Amino acid sequence: MSSEDCIWDDDTLHEECGIFGVYGAEAGDASALVALGLHALQHRGQEAAGIVAYDSDSAEFYQDRRIGLVRDTFTKQAAIDRLPGSLAIGHNRYSTAGGKGITALRDIQPIFAEFAPGGCAIAHNGNITNADALRKDLVNRGSIFQSSSDTECIVHLMARSIQKSLPERITDALRAVEGAFSIIAMTRTKMIGLRDPSGVRPLVLGKFGEAHVLSSETCALDIIGAEYVRDIEPGEMVIISDKGVVSTRPFEPKPSRFCVFEYVYFSRPDSQIDGRSVYETRRNIGIELARENKIDADVVVPVPDSGTPAAIGYSQESGIPFNFGVIRNQYTGRTFIEPTDHIRNLGVKLKLNVNRAVVEGKRVILVDDSIVRGTTSIKIMQMVRDAGAKEVHFRIASPPTAWPCYYGVDTPDREKLLASRMTEEEMRKHIGVDSLSFISLDGLYRACGEKSRNAAMPQYCDACFSGEYPLVPADAIARGELSLKAAE
Amino acid sequence: MSSEDCIWDDDTLHEECGIFGVYGAEAGDASALVALGLHALQHRGQEAAGIVAYDSDSAEFYQDRRIGLVRDTFTKQAAIDRLPGSLAIGHNRYSTAGGKGITALRDIQPIFAEFAPGGCAIAHNGNITNADALRKDLVNRGSIFQSSSDTECIVHLMARSIQKSLPERITDALRAVEGAFSIIAMTRTKMIGLRDPSGVRPLVLGKFGEAHVLSSETCALDIIGAEYVRDIEPGEMVIISDKGVVSTRPFEPKPSRFCVFEYVYFSRPDSQIDGRSVYETRRNIGIELARENKIDADVVVPVPDSGTPAAIGYSQESGIPFNFGVIRNQYTGRTFIEPTDHIRNLGVKLKLNVNRAVVEGKRVILVDDSIVRGTTSIKIMQMVRDAGAKEVHFRIASPPTAWPCYYGVDTPDREKLLASRMTEEEMRKHIGVDSLSFISLDGLYRACGEKSRNAAMPQYCDACFSGEYPLVPADAIARGELSLKAAE
Amino acid sequence: MSSEDCIWDDDTLHEECGIFGVYGAEAGDASALVALGLHALQHRGQEAAGIVAYDSDSAEFYQDRRIGLVRDTFTKQAAIDRLPGSLAIGHNRYSTAGGKGITALRDIQPIFAEFAPGGCAIAHNGNITNADALRKDLVNRGSIFQSSSDTECIVHLMARSIQKSLPERITDALRAVEGAFSIIAMTRTKMIGLRDPSGVRPLVLGKFGEAHVLSSETCALDIIGAEYVRDIEPGEMVIISDKGVVSTRPFEPKPSRFCVFEYVYFSRPDSQIDGRSVYETRRNIGIELARENKIDADVVVPVPDSGTPAAIGYSQESGIPFNFGVIRNQYTGRTFIEPTDHIRNLGVKLKLNVNRAVVEGKRVILVDDSIVRGTTSIKIMQMVRDAGAKEVHFRIASPPTAWPCYYGVDTPDREKLLASRMTEEEMRKHIGVDSLSFISLDGLYRACGEKSRNAAMPQYCDACFSGEYPLVPADAIARGELSLKAAE
Amino acid sequence: MSSEDCIWDDDTLHEECGIFGVYGAEAGDASALVALGLHALQHRGQEAAGIVAYDSDSAEFYQDRRIGLVRDTFTKQAAIDRLPGSLAIGHNRYSTAGGKGITALRDIQPIFAEFAPGGCAIAHNGNITNADALRKDLVNRGSIFQSSSDTECIVHLMARSIQKSLPERITDALRAVEGAFSIIAMTRTKMIGLRDPSGVRPLVLGKFGEAHVLSSETCALDIIGAEYVRDIEPGEMVIISDKGVVSTRPFEPKPSRFCVFEYVYFSRPDSQIDGRSVYETRRNIGIELARENKIDADVVVPVPDSGTPAAIGYSQESGIPFNFGVIRNQYTGRTFIEPTDHIRNLGVKLKLNVNRAVVEGKRVILVDDSIVRGTTSIKIMQMVRDAGAKEVHFRIASPPTAWPCYYGVDTPDREKLLASRMTEEEMRKHIGVDSLSFISLDGLYRACGEKSRNAAMPQYCDACFSGEYPLVPADAIARGELSLKAAE
């Protein structure tokens, strides 16, 4: 990959996982439906995907894990035919950490293990914040880890549980676990869905004819034509079997702290979270942004694709025309041309090109979803200036991202986050724009339908903006990566 | 591929080729630059690509042809390293016709042949309308065809030319050829660019430091940071060598008849054709469309991505808000999941999903670029209605497409074009929308900057709308596929 | 695979593993040397191979496992470059049992695991006869198995050991294990070689400049030009580190029971076991066979390649000329043409062809190494008869194979062994030869340099011929596959 | 490939092609039978293979060309299913000359071309000695060559023939061609087999039920169970159609000059040429060799596999015991491990290992088929000496190879042939053996059943030994590679 591409890719936050499961499909359809669901959730993890299916005819579990996009891996009849049955779950993964030898394949979820009561597969979206400590303890007791995945702690805890049933063993294991987790699990006869007590990551329940569906987002219900039933609640565990959907509350209750960045960037715009449209929320952010930061200009230009709904809202509120001044190459995925050093330094524009006719001689308001390292922002600003823009004003649809996430999002180290080491004015100068404004935390909460942020007990997890971590990131503190804000 | 996908893919016109060449790059860079150019022209041909390079050090031509997207084929250092030199040309291909055995690879351009005066490679965008007749004649005289490509006629004509120099042999060959052609050719010492006398397909000249560049569109100059010099003119042939760029006029002059559909759909919105912005022209079409077909509604929704600029223009002219009511899955390429029959019939939405929050309870104006078979239109209308739209009004950014193209575009047989067998009112009922309007031919010409269409001698080729073919499609007539409108 | 090929392949016994390791090679060479060693040991396992290397510069273990022959997998510079360091061990595997999903890859050794004291890799030749019971017990205690390999029991036992050092944990684990095992293991600083107290499987020590080498057979020392030092002794464990080679005796001593079939078939003819040439031993078998079963004939014909040395001995002893009357196709590996049913039934001869000139009109003595199911024997007899042989006499270089092996050899179920359900005369009629003789057990022992078989305490393991199992096959008895001869 | 391997591979002559065809098989079987035939002829060309089939149901030709061994390419049902029909021909190729870009694939035969009278495929074993001149002339007249294969001249000559029928066009073309050619061709309705008037390369006719078969050697009839009918005669052309087998004589008759090296090395030992067993002929060579060069020794050791039959003959004639003192690794194909430089220089023994027990302390007679460059001979001599042989005597089953072949065999340039620049005594010293003898030319002819070589008109082509070229190698003379012996 060229350094150019690295810059583009590094300069955004990545949700680390999408999960999807089907119980009770017509025989043979379950894994095809899961593949479709994973395709619709591809934005949540592009590096690899895995599917585990159980076929009651052969009384066997079948599993497959592949590096690459679902459209390139689980799209063939042959691949699906190797995953028979009416019960299947799947997982999209962002990063295949490590990657030496075959480690990478082993890190692809769902994790499958044979326990004394039988086989069980687990797909996990989130992050276990005390995984290092748990792992060390388990290894000392004789557990052998096969992957570098924090999720493997869960199955070793399950293996050591003295409970008889697998749902009870899952509960046992998760009581020892800290952090954020939305999980879909399966045994031979059950599909299980659960969210951690704070409900940091999403999980929804759907119905597809007689079959039950669990999915990270509603857009994956839409792709198969499944009906949305409801969001799984924070701290809730649903056990789906031939007795239907049974809801339990195995954990200590906690206040809900859903990740607000799911609205800002992670979720697909056509998804609904707890009945709230992601697209409309983003458009609202644009409206709030326009209200908070008025400026006279000729055109509102989104940084595609994530800045587009906010840019539309901004244009609608401000009355300044919306136009695509930056065009995205639709064929650019995650693999790129590796040109010679000479060419690399020319600054090729593999993903984005400026649309000169829209920006030349204009005062341009550029709307992007967030600033992480700031490297992309500089590139885009330069492209727009080179095309003859008279002024460039940068409007950001989130507050400054100043803190790493430890709940299942791939963020750079704190010192690489531009907002952690610069004031807004320093950032403006660094990027080289005529003005720079971020939406306020309260503005963001208003766009999400709240009156304002409840400082005493925020309605969402906004740790990446506020540094207020609702769940203690124990491993990160132990590694010295983080001292909690409270302690500063 | 599922039948569903076939429907989506069949229901659009496809440009058949993109071409790109570099002369005089730093040694080793030429093929990398061509790969980047082809990546930027990927929308003009997604099935396969080929590159031919000449390396003066080894005094050898090098060639590679690959099925798949440039990002998946010519993106590795190793692939580029096998194509050394400072002179290279490349070609993107839409369809790999035939495909039995290795025929398909042979059909990928550039075509390379050794002639008595030396090797020559040719990349062709367009279509030879008398290829069948030429081929039959050449085979009778002892030529052996290796591909099913019409372009191969050109090299056999060149092989039989008694001219000494390759540029003269190209001219000789093309004088026997009828049809539309923009061509980039290369010998060991020259790069040649030319357009047919009617100038149906585009070709532009650029400068990249000391190197010269030829490209189908300006967006491919942008990706490498090359400077736009000018469009090659209809009937012009430029010979680029160490003596610089020499322009000649080897053909009988004819009136210019540039393909108007390049503005409507084929070209990338960030390209400029003859100094005119494609994006702005499409936005103008939206403006004209709004002027011609006023209607009261709540929201203007584009069919992404091709309907978007016209929808923005429509919104800006009408004052009705623009919003993304239909969302495109950015991970969907040309390969799709092959679900079971059962699933296929559910109507999965692999490429597009409705954004319920935008359309529910609304009077929706849907803007698309064109209607070909109409199958996609019905699907989208249904998705929007299912999501609760109160009214659906369809506005089309081109006149009814009633005639096949024989100039390098993949169009269905005439009887499959909806507009060839239905009136507009019949089409409205067939698609099931509340109203349906197309821009008028004159409106389209106004959007392109003309006062109106010159009926006696139209400024563009608009045969797909008007049935007035500027170049006689001799093979099609011989095969009985077409009787000319004049003859009707 | 055609049923024809299955017949050929099924009708022989398969050694299940070859192992090879290098300690102290020049940096970067270790894995290349291991690849060469595994190539020389390919006959001991053709399905898959794995290599684990430790690189002290990066302080990391590197591993790779591949399905296929070493010549097709670990033969590229790139593959070897991914396995840096001066310490590496490898394993050839015969069968990849299971094979659903990625199970197969996980079954390829060496097994690697991270223990509390650090990483350790283990390559195992042999079979654990109480693996089922161990596995069940370990799962009940919370161990999670990742493979279907019996070897994985060893690492879980090691994980649960309270010993601090890895060599001690290996000893701990193997004390709980029953069966046959020659093992090469490695930690970051040591290479360990050991044989079970009965010494069923071979293991030799070599020297390659300053480096130490462990190998299943001496032929793999030869390929890299390493010097043979000595055989590891039954029950011996050598720990190779920067302190040199330290020999220990961690197990209860037992009488040596080396597998006599290693001489008959498994080992390569150019190997030496305990100073005894395999080729010469096989030639001796032919000599003994000729002495025991005199017959008048025109030509001695080996079934290539395994019957060749015995046939040479037979010819030399009997004075009847030796000639290749059956020719082996040297290009036939383990993958074969899949013809249509029609062709398959024709009886194609993919591996062997008769050499008509040698057998036509002749009285032929065919010499083969063993009879397992007898299906191959029938085929070869028929080929020879079809080519015009006047008489066909079958001489077998081993006693009747009537009992399965449970010590690391893939044998059919007992009822499929021809000798377990037929007398010699019945076998002769079944195969359709004019005479059939096997070497006697005593004759085999004489060929191995013994005066005769010590019935009270046989010098070798010959359970496949005698049914006298030196190590109790506990799992097989528990599964009901075997009742011990003693109990019959 | 390591330089070591290059030495082994370079140091032998390579037949360049094997050809096989089936007419009138049951529908669908033809290409499977051809694949089996090519597998049996793999020794005649290991680099690549191609099959062309004609299916009368679809009235289409199907073709596939693959690099690699038949067992790895044309062994899958899917590959065969893509080549339907009851008529198919195939070709094994030794070298894929050139290899830049996709040139290599284009060089794989059979060559297929569409002529005015229809499609025709041609598979050619041999070499056209005036190909350069023909090619130059054809290009000047407007033919476009697609490959670097001399065989392509034939199809361009056919394309220019004014004959109506394809068999007549083939005859027309071959009358302009000089050199050695055994050819199998096919049209939609016919299979054609022919040999040049001197009959340099073999071709046999077989019967497989109702189907007719053509093959380079009889061993490929055996593999499918086809019956041998007869050898095609020098200068004969058989046209096989629904009218049966029609024999014609389209060429001027010439004396037969079959390649004697086919007996020495190229053909498989289980083949019969003109009723004479290749194995027996080689054994006869060993007998003659023993008669011509008596020496006292302890053991006769073949260089496997090609020296084995002669060594058996030598042993039988001399009474000195035959034993395998050099063992061939059966898993070594043409791909080898690429070790580091350090390892490469150790002299790894990838293909052959000495069997110490056989040679230690012995006077060894080593028998090989031929000496080309001599590099292999030195290696083997050294291995045998290192293992403790007391004396090494080299006996060669062919006369000194002093002249290149221009009739379809890949030979080094003349100056690289050891025998072209050294006397026998110089060769003995160079290789370092105690004695060295070659069979005499007359001895070789006696082994082939002749009384002696007819110096005036030799019964075989033995140009590689004698320098007497029966067909003028015009291109080689024009390139200055050869001055004819007569002219010296």
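Note that the chains are named A, B, C and D in the order they appear, and that numbering of residues resets to 1 at the start of each chain.
In this section, a residue touches a chain if its C-beta (ideal position, glycine included) is under 8 Å from a C-beta of that chain, and two chains touch if they have at least 3 such contacts.
A quick note: this is a predicted structure, and the numbers were derived from the prediction, not measured.
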Study note, to complete from the structure: When C-D and B-D are ranked by contacting C-beta pairs, first comes C-D
Revision key, fill the gap. Rounded to the nearest Å, the gap separating the Cα centres of subunit A and subunit D is 62
Revision key, fill the gap. Cα centre of subunit B to Cα centre of subunit D, whole Å, reads 51
Practice item. Can you check how far apart subunit C and subunit D are, centre to centre, with Cα atoms defining each centre and the answer in Å? Key: 36
Check your understanding: Where does subunit C touch two or more other chains at once, residue-wise?
Key -> none
Practice item. Using the contact rule from the top, write out all pairs of chains that touch. Key: A-B, A-C, B-D, C-D
Review point. Which part of subunit A faces subunit C closely enough to touch in the complex?
Key: 60, 62-65, 82, 100-103, 105, 113-116, 139-146, 155-156, 159-160
Check your understanding: Which of the residues in subunit B end up touching subunit A in this complex?
Key -> 26, 28-29, 32-33, 35-36, 39-40, 42-43, 46, 69-72, 74-77, 80, 219, 222-225, 268-270, 272, 277, 279-280, 283, 305, 308-309, 312, 316, 321-324, 327, 329-333, 335-340, 342-343, 346-350, 353-358
